[in-house]
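What follows is a group of structures, each given as structure tokens.
What follows is chain A paired twice: with chain B in the first complex and chain C in the second.
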Partner chain A sequence: MRNILPLTQRELAASFYSPIAYVVGCVFLLFTGYFFITGVLVPGNEASMRPLFAAMTGTLVFAIPLLTMRAVAEEFGSGTIETLMTAPVTDTSVILGKFFGVFVFYAALLLTTVPHLIVLLSYSDPQLGVILFGYVGMLLIGALYISVGLFASCCTRHQLLAAIIAMGILSAFTFLVDYFADFVGPRLHGVLMAVNVPAHFDDFTKGILDTKSLVFFISTTVLFLFLATKVLESKRWR
Partner chain B sequence: MAVDKHAHTQGQGGDKAALATARGRRFFFGANVIVVTLIALALVVAVNWISQAQYKRIDVASSGLFGLSDRTKRILDESAAPKITFTSLYTSTAPDKARDKYLPRIRDLFGELEDYSDKIEVRHLIDDDAKRELIDRIKAKYGGKSGEYREAVDLALGTWADTAEWLTATAQSYGQLMQNRQWISGFATFAKIQAELTRDLDDLQQAHREVEEAAGGQGLPRYEEAKRKIETTNSAIKGHLEEAQKWFVALEKAAAMMADPQAEFAAASLGKLEELRPLVTELQVTIGDPADESVPDDATPVLQSFARQAKILSAWLTAERSRVDEFVGANDVVSGHFMWAVKVNPLVQIELPDVLSMTQQNLDEWDQQIRQALGSGQPKDVLQSVVRRLRQVGSDVANNLGVWDKQLQAFLATWQKIDPPSKELLEQAKAGELFTAQIAGLTEIETKLAALPELKMEDTVSKFDQDNLVVVETEDQVQVIDFDTMWPQSDPMGMPGDEDIERRVFNGDAAVSAAILALGHKEPFATVVLTVYEPSSGPPQMPGQPPQQQPRYGPIPSRALTKIRERLEQSNFAVKEWNLANDEPPPAAEGDRPNLYVMLPPAGPPQQNPFQRPPPDEKNFGDAEVEKVRAVLKAENARAIFVAGFQWPQVSFFGAQPAVYGYEGLLRDDWGIDVRFSQRVIRGVPDKRDAERYGVSISRWGHMRLNSFNEDNPIGAPLRARRCLFLDVCPVVQAETVPEGVTIDPVLSVPATGGRSEFWAEPDVIHVIRQIRSPKSDGTVVKSPEAVDPPFTVMLTAKNTETKSEILVHGAGMGIVDRYLDERVMRLGAEEQISFDPPPTENGELLLNALYWLADKPTFIAAGPVTAPPVQPIETGTQHALQAFTIAWAILVLAAGGVVMYVRRR
Partner chain C sequence: MIQVKNLTKYYGPFLAVDNISFRVEEGEIVGFLGPNGAGKSTTLRIITCYQPATSGTVTVANHDVFTDSIEVRRHIGYLPESVPLYPEMRAREYLTFRGKLRGMDRPEREKAIQRVTERCWLGDFIDRPIGQLSKGMRQRVGLADALLHDPKILVLDEPTIGLDPTQIRETRNLIKDLARQHTVILSSHILPEVEATCQRTIIIARGRIVASGSPAELRERLAGTSRLIAEIRGPEQDVRTAVEGIEGVRKVATSLANGWNRLTIETSGNQDPREPIVALAAKRNWGLREIRFEVGSLEEYFVQITAQQHVGANAD
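And now, the complex of A and B:
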């Protein structure tokens, strides 16, 4: 476990020193700003950040893979993976270190939306508890997306391909499942809703803690981190 | 470096072994990874599976904003239905009902419902195929009852098809008879029957199409509409056929009688004609020929003789007229023949017997004149000129009676010459073959319709034409929640901005729970007794005449409460009526089910004519009726709502009669509540130019917004965020003296405001109306000096701690009548555009909440919409600044990155 912290710091530093991160952050803030102005800060509307959170969920499907694409794939591409593999650290520590590194960066990115909240508080009296719980949901969804991004990054040495794989997986679980859930029969509907990310996230934006959703996010995050670890492990003996 | 002798000496064989070992290692690691991955996947699936089955939902932060209310949960738990399906049909793309805006909250609600109970299934339909499937399913739900309607409709359409065929043939054959000028065509009624049959055929075909469309078109069959159409058309056509049949039968009887020349009337008529001729001749002979210029010197004997003869003839004519009238009275049909009419001139036609009357009157007049002339001693030449004049009169009388003679003979003769086609028709009428079969068929339809059970599908069907619906189904019932019920208009207090902006608030929880309650009818909570005073007869129109057989109604007639009754029954209340004018006791409570009395304002006394004493048997609401009500309220745990409101003074020719409210004394003396029914609460528009003047808007006059409910009182609290519109509101306040043991709480008030209030209670409404109608009016009015400014209450509850009785006095209750609850509210928006808002159904909800409270079921009071506060208005400049800020913030992050890159490079 003590190896995780240095790896986290290393990853964090890499994120903050990467120009892509700032470009992604800028674009992310432009999108969130737009949705905030047009969907949230509309006089007469209910004072709620739910429209913004819903929009951010969609934006993150494309933003997070861009943050995570270089996490492992770059190591392969630049050859530093050998150093990492031979270092006295486990694959699990490597993956967790990278995960936490990107996660902290993501949390910092979320913090940049706090000014929007401050503006909203200036013009209304929203239920702060609901909004804060929504941020908790954003962290959970971010963790899931990062774990998927890391998994994709482990699968290939090409960063762009890693990003595309991650976007593909996240789009399937975010957009496609949500869309097709309305068209299928009841049994398949139940299955789809069980893996429907926006549906699970929705409860958090409503200030409702549903243990189903909590278990879903945690378990799937752990699953993808596990899969990423296994993929990385497999590089040793291939 | 040590040499691996083993590998070296082995050579190629050694390489193969090493390779096989590496492959084996990869296989082992690979298989291991796959197995472990599968295990992990299975573990995740298992964990999620378990969490789906065993989970908890905790409203951590939303304070009921998104969760189900306790009321809804309780209603769901108590619902007997094993399965309830919620289907959303939100498909509208119109800006004011956009699916994207309104559907997400529906999804939230459905999600909560699905999570709460396993017996709930939810669906969201967005395409037409799915909608059609839903409609088919709903059609099937009404299977049993709608099957009977289907049978009735099929019977009607089948019978009508045959009737239409028959009508076509019959109308054509009658038309042919008229064209050929057959005997029967001489009767105007026959022509009328033929025309009616033709019209009936058109109506029948039209109705056939409409019924087919209603009962079998796209969407849900509108069986109630089809039934109404069938009833109306059937009844009209059957009525026409029955009338026609009656006429033909009467005609046949008359023809049978008149065809015999020896029959009484014919023989007597001919005999009378024989009598008449000499009388006419005698008259003419007496007076002389008009061509004869010579007149006797002494005209008096001639005139006297003429007068005598005229009198005899006049008496004969009178008797003859009576005889003929008697015959026609008994055989009315004969007077319909064209020969029974005589043309006096091209434009004027009279009945034949009128010739006798005219002639008789003429003779009487001349008789009078002759007597006057002779009695007043007129000179000789005057009398002679009278003689000359009378010669013409005699000639005219002879001509007129000649017409009578000739026409009557011709008329009698025509009955002897009935042609075969006409005879055949008469034979059929005699044999009962004329319309009997058709009338029997139509009667069968009538009987079938009368036996149909109530379908209660109309409301559901009519709603399916609208956009944005939620359909709630159980196995055999359906409720449809329309858009205005799910998203009623809101009126958030203190929200700046004008009333033109339509804001809606989500009321899904209450709407859904009301729908479920309506579906699962269980034992009613209580019996609502609508108490009225409606005497069944009014005063006579004129003295000495019997009383008018029309009930006298109060300002809220019981017949105008069908919507409220329906709502009460759907909400699990039984409904009864108690008319205090009928000397009957109040309905007895059934078992444990309490009676909740709704005391409607009694009918006031009729307008009094000061020049006339009121009839002794005139019934008015008085002490006897008050005592009846008092006795009810004195019982332990009595519960009642007194519906009151502003009572308009009765204005008549004799002046204004002050309004009365029958329960005024009882409420003041027994409960310490003062109902100021002669004051009307007005909400004006403060005039910016003059602090004393107010504009009076038509919309505010008829639909006054007021929703300052006491937030601590469960009756009105759920409606605080709703658009509540009232009619004819009066103050209901605590009296100066409140009896001991009575506690009073406000429910709805008109609050005081810091500055100038828009509201006031006006005791002289006529004064306000006069100002508005005055030619010099600028549209603004001044309050009367006795006007009362807020604060004052308009709705109160009172509890008697001794008897544990509770009442509610509702000073804004005039809006519970059907017309008010049904009519959409007109709004004049910006640029004077007229739009229509949903009807003010909140009046019904308020009454319902009050009844739940009285029935000790406060948990059944709908929680009302829970909304997050709205975003306040933002000035345009600030909006632009905020937009710029969001862009700048994003660029700042990018710039920060640039700085970091730069510093790092250095």
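And now, the complex of A and C:
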């Protein structure tokens, strides 16, 4: 397990070498800035980061797959997976190392929203506890999205395909479920709401720590990391 | 050190390795020789725990590759055929990363990097990005990585492919040198390479072991099929029947070359009918301008047995 750290370091370094990470970073900044100006920094609005966070969940559906797509697919494409998987590291360590590498990069992106918070603080008096919970929610939703992205990246050697698969899965969880929940019967409605990412995320932005949502995010993240490990393992057999 | 028993590997319906067994003892250099697609890389990938076998067992240093994979990987230094490296890293960064991955602490890692830098002549380009290095340099970085943790066993898949002649010679010498402290198993489809570096050769074709032994042993087997070449001037039919009558001659083929009969004679056993042939020519007053044994090269043997295998497969 201690060899997760070098894998994380390498993954993080590789992110900074990749032009895509910078493009995603720029777009992320652009969107957070835009949502902040149009959603938060409006006279008469509630002094909270909630509109910004809520708008970001949709953006992340497209941003995070671009960060995770190369993680495993590139190793398969260039053949480096062969040296990696013949080194004394378990497949679980490989996935976890990559997960934390992308997660740290994502957390760094999230830090770029702190200036917005400072602006907000200088003009108003928001509830800091609520904002803190919002950030916890952002980290949790990021972890979930990254695990889905890694799973998709394990499925193929083509990075673009990995990104599209991840966007598909995430769109289903984020947009489709939310949309269809209103049309189906009460029993299915319950099921759909249980896997509805924005609904779970909403609790955090309101400053509520609901164990149901916490369990949902953590268990789904673990599930997708587990699936990613299994897909990686199964590649050996082909 | 390495024990392979009844190893079989299918890729879907395609049979890549067909029930092969062999052993490699400690300190040996074993060459895995075969045409492209014979199953060399597949076998090496199974030994290094990259792929599982369909059936059969492989143990490395008494650890099973399937059930005790991590332990096996600690003992092996592996250079894959394509020499995969991360192009954005510098050679030193890459070796540092690999050292960390193998759980080496800082002083140990620095000492190891120092050692492999000298061994594999990385001095000139260790601080350059791998993406800028030539094929030969990358090959050396890959070899340095395989040697980093001073493994008991080195598995090198086509270690000299893509190198220039000087580098090939240097690499061969390095491998021979390494064999003093490591058990080496290398694959190649180039015969002289295996002949130059290995104590023992395993020839594999279409997933099966077709021959195995030291280069000398293989050559000896070849001697059994050696031919005698003689050029005699005289009536073709007479020459032929007369030579066929000599003891130890099994089969004669003649061809005409500028009025001379060129005889290709297959001998039986270890008989040497050269003297009787000379005596015969002298007695009959035939001209004799050449008589010699043609010892086939290992190359020929290699082509011969792998071709046989091919014919056999087509006949199925």
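One rule holds for everything that comes next: the second predicted complex is superposed on the first by the 238 of 238 C-alpha atoms of A that agree within 3 Å, B and C clash if a C-alpha of one lies under 4 Å from a C-alpha of the other, contacts with A are read in each partner's own complex, and residues count from 1 in each chain.
Keep this in mind: contacts are C-beta pairs under 8 Å (C-beta built on N, C-alpha and C of every residue); 3 or more make two chains touch, one makes a residue touch a chain.
Note that the structure is predicted; figures quoted are calculated from it, not measured.
Shared-chain residue A:Thr86: touches chain C; no touch with chain B.
Of the two partner chains, neither chain B nor chain C is touched by A:Gly77. With both structures placed on the common chain, the touch criterion links A:Leu5 to chain C but leaves chain B unconnected. Which of chain B and chain C touches more residues of chain A: that partner is B. Of the two partner chains, both chain B and chain C are touched by A:Tyr17.
By the touch criterion defined above, A:Phe36 lies against chain B but remains apart from chain C after alignment on the C-alpha atoms of chain A. Contacts of A:Gly207 after superposition: chain B is touched, whereas chain C is not reached. The interface of chain A with chain B overlaps its interface with chain C at residues 17, 237-238. Against chain B, the residues of chain A that register as touching in their complex are 16-17, 19, 21-23, 25-30, 32-34, 36-37, 40-48, 112, 115-116, 119-120, 123-127, 129-130, 132-133, 182, 186, 194, 199, 202-203, 206-212, 215-216, 219-220, 222-223, 226-227, 230, 233-234, 237-238. Those residues of chain B that touch chain A in the shared complex are 25-26, 29-30, 33, 36-37, 40-41, 44, 47-48, 51-52, 55-63, 65-67, 108, 111, 115, 121, 124, 126, 495, 497, 501, 503, 867-874, 879, 882-883, 885-887, 889-891, 893-894, 896-898, 900-901, 904. Taken together, the chain C residues at the contact with chain A in this complex read 11, 45, 48-52, 70-71, 73-74, 76, 78, 80, 82, 84-89, 97-98, 100-103, 145.
Residues of chain A that touch chain C in their complex: 2-3, 5-7, 9-10, 13-14, 17, 78-83, 85-90, 236-238.
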